[in-house]
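Heads up, the next two complexes both have chain A, just with different partners, chain B and then chain C.
And then the complex of A and B:
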């Protein structure tokens, strides 16, 4: 069958127009990071006044800014995200395996509690969460607020339900005979998990890591409450908010800060585009 | 062999005992108000030593149960401290005069009656419902159309999919500020020329609300598109071929075959858009911070674009009224749970009909 050229050319044009629209804000950010504030306000969509020298000036003004503190914020965000993801994958896998392979009243109840908790919006727990963390922190003398371990702890708690939900679904599909064979060969239960089951979980762990990672990296409300707007430790979104709050309408600096904030995610997306898009879909369908 | 087991048993019990002593000592130090710096680490080390002792306990019969306990413990513990306890406390606090640190009295349903007397809160509820309904329809329609477009044979389809999905990667705060720039510095140039509208669309409550909707669709439609693409790809080829042979045109194929066959995908997508639009916070905060004048129930309100999540946040954090904010949050939860359950029920019954 011969392809009709006409309709496809029209579709192509539509696709390009939509792509221009979805990418336009990114284009604006990049373009205007090369300009002075006066040029941005005068003509935001043209290249008038854009130069690499100005980009350098904007970058150094933003990176060295005490409210933004890009490298510190970037480091904090990276540490929080990576540690939370590793712990969630490990603890989530362990918990999901136990829940899946023990059909007792307890394991069913724990599983149901996890599922039910997924509908709880953060708003309903956030206020009491802060006071609980403050009290627990005071009581055991470990800083839970304004500290990285505290926020990692919170992400393990909040991400746990979804992680267990997705992992349980996957473990159900792994034949139990594999574990029996390992047990007959003299493998202990913990050995069975770490040597047999955990390596098999790799594809689904990629999925939960992408889902949790997108959420943890971009999350604003939880870190802003736990770390404070002007606390000593800030994640990238909190730093952006604090920075914008202190420089009302200084678009040259704000857009350069935005560029720095979105760059890590875009680089990761370019590298792992397929995995991210597949992971997001798989997480939603399950 | 026997001696070995006995030795292991002693070691295991000793470790458990040391762990217990450590934890108890730490708790005693806490209770007596001691300020020595090592109580926190002592508690954690005590707990770890106890678990190691438990793990080393030589038993074949109960080893599996011990492993189950140790494996479940970390996630369950964090879950209980961050979700279960705050949830219970939160519901409890909503009936008191809690100020974020401590509570003095029970006030019964006072917080709940107060919030319904606040016109600004009622407005936030109305606005949120409006936002959810508009977005549930628009995001799904746009996402579905994009999915249809992206399943055609166009060159460079991978690029288009990635380009449409890209906005979803960026956090709401950052993209809120990017769009604030676009609305108040870029769009204004065009609206000034075309309509003589020489103020930012964000300055007008109604237009600002539309702006939030536009940004939300921009951010979310690409994600929904991906899910619809996956759904559309599950429609069997032979069914499409059969319908083509029977003479079905593109429109008939779409409405009679494709849409009914991806009913479960539609359920997932409406559920996702519903819950995420309902909880919308970041973009709302960064784009307008809820400001904007609006006339509602006979009085002029200053929170014209403030949705529920932001209203709760402002009540508790900005206005320092924790108990009232908590009560609003409980209502928020009840509405969200009810709406989600209704949505799932309705969709499921529709799926069966199709």
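And then the complex of A and C:
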């Protein structure tokens, strides 16, 4: 379908406005990480005082900062994100498959529960969550707070609903005959899942992983509550908090650290761009 | 190699009141090519899926060979199945699709390789082995599905409407290919279709089903020549058999079938059929005439002719299909294309009563052929 020129131009302008609006904070982060703190406060939107030398100085100040411990935080963030994503894809896929193929009252109810949980805002449950996690942790004698397994568990719970929701929709489109063919070929149910269903989920798992990945990597509130501001493990967004004092905010270091935190996501996005687009498109027409 | 035996098998789906397949008794011999045919919803696919183990059996016993398989999972039944939509694994190459079942059975790598290449050669897939199913045409996909079933050397080969997604030309080609495959593999084939042409051309025996009940189970020739009831008569043959109401009358030592349409036609019933029709004298029966059985002999005397009104005709090349009215009833007549009959005219067409079928109007069972 070809669009007429007038409406097309209007839509284009709206798209540009939204794009600028969305990119502006990112632009601020990048621009100001090239400046000294004083220049940032004086004129945040201009290039005054920006230089590559200053960026280098900021970077080494952030990475070498003793309060901040960039590499430890980076490692923690990476571990939490990767493990959560792998578990979400794996268990999300299993749950979605069973819910989709095993049509009983119970499976429908479980599915509805997943969907219902998507509309509950995190802020409503967060305080109760912390005390529950502490009690459960004490009871089963596994540290749930201030620990990586604890927060990974929490992410699997919070991310599970959307993951199952999206995967279920996709699995519905996979012909059931494939599973019957696998059964005749000699697959056990587990074999059917891992050899037939899971490989077919690849495009949609890429999509889900991107969505969950961006959220988990960038999340501040959950880790700040579960890991604490001064606990032994810190994710990048929480660690950046080290530069935020009660009276002094080291904007140059905060923004440079933020830039460092964003970079991996951007790199992944650029590298995996084709995969991501394929995933979205294939999911759409299948 | 194995026979298949249904003994009083019933299938009733959860929550359903009536069974899809009630009390089925069916014996399929070893190495036989049996076609299950019938309109959609007649239970033919369910029957096939029970053999495959994809549907549970509600009651009764199912034997493959001499083994009771009611509770045996599909993978242990020594069967292979070809699905209507091929059900190829989209993420695997043709080679892996064919080899999948063998790999799961932990077969030796060289043996797998040998078998896959053998099957590929038979099915003309050698050059496609590295492709993904997405990059194949419908016919090629169908052949991969056949290959996947073949390499396993199953005792029973199950095919669920395997040709219905192909275009007409390819279907004809694949039909003969499957028949050839059956001869080559020399194993039991059970084939489900709703297409009577496929049934007639491929099967050793055809099992015509309706509402889960076997209407007739016999060779194509027997089904065509002597259908047991109206349903089988109407289902086998294309275009389908024409049915007309006729009153049986006796007059001066002769017996006639009286058809009231454009005129009152008295058709002389051949002596061989009179005995069976005796109890029906004075009653109305259903007369069955196949479209191709008009004017089959040299022109018969006008006594044995049906008065019809020509509606229109269809050119088929070597033949014409004439659509005719006998009173309110529409009938089809197939004649060689040199016959000339103007549309709209009322004419007399001779019929050959020796080839006609008589059915009881109440029970729909055949009286005499």
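In this text, the second predicted complex is superposed on the first by the 210 of 286 C-alpha atoms of A that agree within 3 Å, B and C clash if a C-alpha of one lies under 4 Å from a C-alpha of the other, contacts with A are read in each partner's own complex, and residues count from 1 in each chain.
Methods note: a contact is a pair of C-beta atoms (placed from the backbone, for glycine too) under 8 Å apart; a residue touches a chain by one contact, two chains touch by 3 or more.
Note that the structure is predicted; figures quoted are calculated from it, not measured.
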{"item": "Residue contacts on chain A - larger count, chain B or chain C", "value": "B"}
{"item": "Chain B versus chain C as contact partner of A:10, first or second or both or neither", "value": "neither"}
{"item": "Touched partner set for A:273, first chain B, second chain C, both or neither", "value": "first"}
{"item": "Touched partner set for A:109, first chain B, second chain C, both or neither", "value": "neither"}
{"item": "Chain B versus chain C as contact partner of A:86, first or second or both or neither", "value": "neither"}
{"item": "Partner chain in contact with A:263 - chain B first, chain C second, else both or neither", "value": "neither"}
{"item": "Partner chain in contact with A:181 - chain B first, chain C second, else both or neither", "value": "second"}
{"item": "Intersection of chain A interface sets (partners chain B, chain C)", "value": "none"}
{"item": "Chain B to chain A touching residues, read off their complex", "value": "26, 30, 37, 39-41, 43-44, 63-64, 67-68, 71-72, 74-76, 78-87, 89-90, 93, 100-101, 146, 149-150, 152-155, 159-175, 177-179, 181-182, 185-186, 189, 218, 222-223, 226-227, 229-230, 265, 268, 272, 275, 278-279, 281-282, 285-286, 309, 312-313, 316-317, 322, 325-326, 329-330, 332-333, 336-337, 340"}
{"item": "Chain C-facing residues of chain A, complex", "value": "175, 177-178, 180-187, 191, 195-196, 199-200, 202"}
{"item": "Contact set on chain A toward chain B in their complex", "value": "3, 8, 11-12, 14-15, 18-19, 21-26, 28-29, 32, 40-41, 44-45, 87, 91-92, 94-95, 97-99, 102, 110, 113-114, 117, 119-132, 134, 136, 139-142, 153-154, 156-158, 160-161, 164, 188-190, 193, 214, 217-221, 225, 236-237, 240-241, 244, 251, 254-255, 258, 261-262, 265-266, 269, 273, 276-277, 280-281, 284-285"}
{"item": "Touching residues on chain C, where the partner in the complex is chain A", "value": "52-54, 73-75, 79-81, 83-85, 87, 89-91, 100-101, 104-105, 148"}
